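Chains here go by letter, A, B, C, D, E and F, matching the order in which they are written, and residues are numbered from 1 within each.
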Amino acid sequence: MYQNQEWMNESLFVVNNLWILVATVLVFVMHLGFSALETGFVRQKNAVNILFKNCMIIAIGLITYWFCGFNLMYPDVNLVGLVAKFGIGDFGLNLPAGDDGLLLYAEGQYTYYTDFIFQAMFAATCCTIVSGAVAERIKLMPFLLFCTVFVSICYPMTGMWKWGGGWLDSLGFYDFAGSTIVHSVGGWGALAGIILLGARRGKYRSDGSVVPIPGHSMPFATLGVFLLWFGWFGFNGGSVLSADPGAVSLVFVTTALAGAAGAIGAFFVARSIFKSYDLSMVLNGILGGLVGITAGADLMTPGQSILVGLVAGALIPMAVVIFDRIKLDDPVGATSVHLVCGIWGTLAVGLIGSQAGLGQLLAQITGIAAIGVFTFSFSFGTFYLIKKVSGIRVSEEQELRGLDITEHEMEAYSGTVNVAYDMAVE
Amino acid sequence: MYQNQEWMNESLFVVNNLWILVATVLVFVMHLGFSALETGFVRQKNAVNILFKNCMIIAIGLITYWFCGFNLMYPDVNLVGLVAKFGIGDFGLNLPAGDDGLLLYAEGQYTYYTDFIFQAMFAATCCTIVSGAVAERIKLMPFLLFCTVFVSICYPMTGMWKWGGGWLDSLGFYDFAGSTIVHSVGGWGALAGIILLGARRGKYRSDGSVVPIPGHSMPFATLGVFLLWFGWFGFNGGSVLSADPGAVSLVFVTTALAGAAGAIGAFFVARSIFKSYDLSMVLNGILGGLVGITAGADLMTPGQSILVGLVAGALIPMAVVIFDRIKLDDPVGATSVHLVCGIWGTLAVGLIGSQAGLGQLLAQITGIAAIGVFTFSFSFGTFYLIKKVSGIRVSEEQELRGLDITEHEMEAYSGTVNVAYDMAVE
Amino acid sequence: MYQNQEWMNESLFVVNNLWILVATVLVFVMHLGFSALETGFVRQKNAVNILFKNCMIIAIGLITYWFCGFNLMYPDVNLVGLVAKFGIGDFGLNLPAGDDGLLLYAEGQYTYYTDFIFQAMFAATCCTIVSGAVAERIKLMPFLLFCTVFVSICYPMTGMWKWGGGWLDSLGFYDFAGSTIVHSVGGWGALAGIILLGARRGKYRSDGSVVPIPGHSMPFATLGVFLLWFGWFGFNGGSVLSADPGAVSLVFVTTALAGAAGAIGAFFVARSIFKSYDLSMVLNGILGGLVGITAGADLMTPGQSILVGLVAGALIPMAVVIFDRIKLDDPVGATSVHLVCGIWGTLAVGLIGSQAGLGQLLAQITGIAAIGVFTFSFSFGTFYLIKKVSGIRVSEEQELRGLDITEHEMEAYSGTVNVAYDMAVE
Amino acid sequence: MKKIEAIIRSSRFDEVKAALSEADINFFTFTEVKGFGKQKGEHVVYRGAVYDVGYIARLLIQIILPDNQVEHAVEHIRKAAYTGEIGDGKIIVTHIEEVISIRTSKRNEEAL
Amino acid sequence: MKKIEAIIRSSRFDEVKAALSEADINFFTFTEVKGFGKQKGEHVVYRGAVYDVGYIARLLIQIILPDNQVEHAVEHIRKAAYTGEIGDGKIIVTHIEEVISIRTSKRNEEAL
Amino acid sequence: MKKIEAIIRSSRFDEVKAALSEADINFFTFTEVKGFGKQKGEHVVYRGAVYDVGYIARLLIQIILPDNQVEHAVEHIRKAAYTGEIGDGKIIVTHIEEVISIRTSKRNEEAL
């Protein structure tokens, strides 16, 4: 539909670009979704801390992506050129002059700035994923330091391998909107973090049994999941990178159905394993379905997307149990959702849908492995270094009293007691 | 403006389709709105239950609409053909090949998949309406069973009568975005449910007086109403089924003003009847205004939309009082908002606006009555059957302790007490 | 790009108009953002009151803007004509006939109704700003009266000076999306209100020291800030008044980066002044950055927008301390965010970016001063009058017990205690 | 003067209140407390792990009474709070030396 | 040793605290409790139905004191908690057998 | 019969519970209370202003016991609740006249 001569059409350019901008806003709202979900899933005494971290992550993510991330991920020069460029202090954005940054920038699909801001919203996502997994016990400043490094170097590097036209792209690795490049990357970072941090105090008894530590607000967690689903239409839909009616509407259908199927998969598996209707599993199931479809949202029929979502949802309760069995403590289930379902979704492209096939499957496995090894090593190394230098875990006393009081000297909910107004107005 | 030869315009097609997709996302967010509103209006001990139901409803709604609902509602064959089609197991979607599913599908307004996903978001809405009304006392699995049947059969049937080009459409019945076809349908289902369930324990004293059972979080309820209003711009605006500037902008104006007028109507009536500034009434008033304008959002001038909204808002406090007087217990006011104001809005098309007239009024009454009788009977029958087979109401003990603990073994807000972390980390 | 002959292009018109409508929806959601932020920042006992006020403000704002505000702000006649028009009772909207209200209305950028509804969403914002600052001690009905007057007369008047093509516009005053015309206007109204009201009981000790009165829910406040940021993409992006790809994408980039930089500026300054990681400061910092960039969002490069945001964020903690020192009690920091950063943002246009220069700076100062003097006097006068006639402050007893119980006879969170269900079901 | 402290099931509060009212006792103070006893605590499942919160939420009712009304009140409370299931709770009677009404400055019987 | 329990209006807490501090009593424990008494409960309207929550939120202050300071403390509390309106609350004095400081293992007067 | 009231740090709850269980005491009631004492309250910063909430959240454990078990129980609680830092809290022993089991109507020792 978009033949070469057609994309010079002014109106098409305006509408294509508009859609990416609207999608940008939707992806932005995912940060609120993550914040709400993570806040709901931690204990009350750590709620301010997780909110604070999420506010800073989006700020750091946007600024560093402007500073160097975007250029690293989509280099218009080769590696040597890039080093030279940064070497002479040429950070920030370089708007191509005139129509080169507008109509001609991406064959009439979006402008240079649109490209930047859409990608920038994705970037911060990977840190937010880490933030949930390491919650309730990580020190604030070391975590923010990790995020800065992770989002400005690690994420753009692997992103470049595929979306920047790097070697994985040449190899035929397929990842439509980032099951691996965004979600698994976050998941690997999370995994490195929780291994080095250790479990929250009291999570695992000496006899190996698991003590659940319920999140403090299910309504907030549910709010977060719905907002994430809402934003996911922009995450996947915007990744079409134009407003092509056929492609975007298909992606909407597969995204919606996979999320729904994720809920149903998690519902049935959680019910049969745990004999309970566990809301937290259904919530994670929805997210699992969404992460799962992300790699191949444009390759699946609606029926296939349901299959991908069902499997992803079903994986969630099992993954949660397994991570708990090996004593990897993840308060919000980020590794189950983003890492496990991210891998599943990327594999699914080789198994189901219009590009399924052995060759594709091998490419997918290569991509998963390469990015996994790199990201995990990078994150583990970074966390390890920070741990050696300044420590990454709060003291037991701080953990017990909560990070809100000990790191922020604030409470998430003040004055819930009747006496409060008097205390405050003495 | 959209003459035959013009709609072949590629760019127009892309922008029209884009608007329906954006509207789809907005309608999606209404499910979050409903969840938040209902959660805020129930007691804390039932909050997880209502959130769980809302998560499952959207999942079930999307999947069943894919499975059979869409084909039932917009059959491209006659009834016999449909039975034959389903008879041979031909469920799911059938994407028309090539441009037939794209540019040619709806005269350049949207694609086949866009049509499906926009309609699918509407479908689950009617169950969410029921969910609120029957809250705090219905059993989980029977309710989910009801929803599945309701959304996959009942809703598409009456929807077909009008939007699928059925007999009500031929009759001249007008319902722009679904005051009757979506909202009243949900309202009739809710009415059937609360009749068969009975009131919550303790709601009505033996002397006939009403014991209010305040919702546990007004902030959450308000959040829900604002999100519903937000989504309603997609619900009504998207129902234009193209991005026609004149029509969509008019619909935005009438939708916004009717919601605002609904607040004002409810404010004054609640103030004069109850002598209080009741937030829950203003919230319901906004929704009443929005439901009211939905049937004729494209037929009213701004001034007329204010009138429609004012009346709808004013109806709310009265309807709430009347339902309480006849001991029909509806924790969230779903019947007042969706049934009463849905009927009002549908009638209003015959009384006010560019199509007002006796003939239209009669058509409207016919439509309201036909859909009311069918939906109420269907819902009553279904609930009745389920009641006979498995029961629909939880035990008194469960109701007293709350559905969160007894159906889900979870609490909505854990660890609000200081001791919690110790309990959990023993 | 939009030469005269081109804007007659039908498709461009549709997409331009669509963007303004989508932006309208985003601006609408800012009202939810304000509601959530203010609710989170007040004490629990006043939460229903602030929610109620926010619901009424948007309702009153929309209706009065329809009634007279729009005509006042964008008069198609001169002052005499306007008085005559209103004199003969000609209120409400007057849709220009045919294409004059459509394609020809704004050179193919938006329709008459789109213009109205986009502007209407802005209007109510200024009252919401006041609402937060005067929270926890103002009487309900006098406040609603003030809002009605403020939004139907004061805001459109100064708005007309610039956006209605009035004298400030001729002078060269620049305010892209309303740092001054919307935010500072709200801030001046807030300032007048808190001067006349006095501080909340107990906020300042006789020895001059400040007693903090923490807001009751940081999660809700954070939710509000993210929703405001979300909506701001529509606020600024829509103010381009077309979907011009270059302009809108630039505005998106500057808006996102300024918000992020605001967080970072507030983070560092709050940390160095207060030696703490104060979430409420980072939240206000984000908003400060957003308010700051609003005046020149289309004039700054990305790097410059970061500078504007950093300064705005850094101003926040200082402004909060100064306002507290002069005993002006503002529970949500509205004056710091909207007034101080609004002024900064407007000045910044003369200091940084593509229009910086002495002439521009003088024009900016003139605009700030003129609008400040007018709005402050108007608000002070109105509040003063209402204070003389009916009083504006609740009694000490009411303040102590909270406005929820004393003005609304409701509680924000009912039944948080286990006994609640028994109390209610006696 | 005596103080009666009754630890009861939250769900029996209304019955106890009614019974007290029948016995002409309309003044009392109550608090939510948590109890460990023979009755097992609430069973919670979260993310696959089972969890016994251990305690059960109960109400503690405190009533100040003249000596001669105590036996009567105890009987009323006991009957109203009774379900027969494990977990019904306890009633405790203590001697108090003095009770003073803040409003009237009166003491003991007259303070009530 | 004695225990003073004072059931007071939440709104008088600061005054009582100040008065105790004047009487050199800086150590005490308090809880939120709910009271039924002559004062009517909070009047709530929800969705058109009027609703009396019945109880009023109050504070219960507990202080352990040597016998000789009791009368003094009671007087201070009474004056500070007084408004004269119905609902001011009660002060209760009980004898306690022993108080032990967990930190020092000291008993009675020395435990404070 | 005696009543033991122990005001302890929330963070020592589990230890105290375990110690009681060792002493074969599995039944008790507890509440969250707030304490003013030598230990300073939580230090809070909000919008630039520093704020001492004054009190510290603590737990009040109440146990009804036969006279002969009291000394034993007190010892166990004291050890388990001990940290040595200011703020460990107090244990109070009071005589009670009677305890009645609601379920069995039995009194005193038999009521437990």
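In this section, a contact is a pair of C-beta atoms (placed from the backbone, for glycine too) under 8 Å apart; a residue touches a chain by one contact, two chains touch by 3 or more.
This one's a predicted model, so the numbers in the text were calculated from it and none came from an experiment.
Residues touching across the subunit D-subunit F interface largely differ between the two copies, under half of the numbers being common to both.
For chain pairs B-E and E-F, the one joined by more C-beta pairs in contact is E-F. Centres computed as Cα averages put subunit A at a distance of 52 Å from subunit E. Chain geometry summary: the mean Cα position of subunit A and that of subunit F are 46 Å apart. Annotation: 32 Å between the Cα-based centres of subunit A and subunit B. The set of subunit E residues that touch two or more partner chains comprises 11, 30-32, 34, 44-46, 51, 55, 94-95.
Multi-chain contact residues of subunit C (touching two or more other chains) are listed as 11, 15, 18, 22, 211-214, 217, 223, 276, 278, 280, 400, 408-411, 414, 416, 419, 423-426.
Per the touch definition, subunit A reaches subunit C in the complex via residues 10-11, 13-15, 17-18, 21-22, 24-25, 28-29, 31-32, 35-36, 39, 47-48, 51-52, 54-56, 58-63, 66, 92-93, 95, 101-103, 110-114, 116-117, 120-121, 140, 217, 220, 223, 407-416, 420-421, 424-426. Partner subunit D is touched in their complex by these residues of subunit F: 3, 17, 26-31, 62, 64, 94-103, 105, 111.
Against subunit B, in their complex, subunit E makes its touches with residues 44-51.
Contact residues on subunit F toward subunit E in their complex (touch as defined above): 2, 6-8, 31-38, 55, 58, 60, 74, 77-78, 81-95. Considering their complex, residues 1, 6, 9, 11-12, 15-16, 18-19, 22, 26, 43-45, 200-203, 205, 211-219, 222-223, 225-227, 229-230, 233-234, 237, 243-246, 248-250, 252-253, 256-257, 259-261, 263-264, 267, 276-280, 282-283, 286, 301-303, 306, 400, 402, 416 of subunit A touch subunit B.
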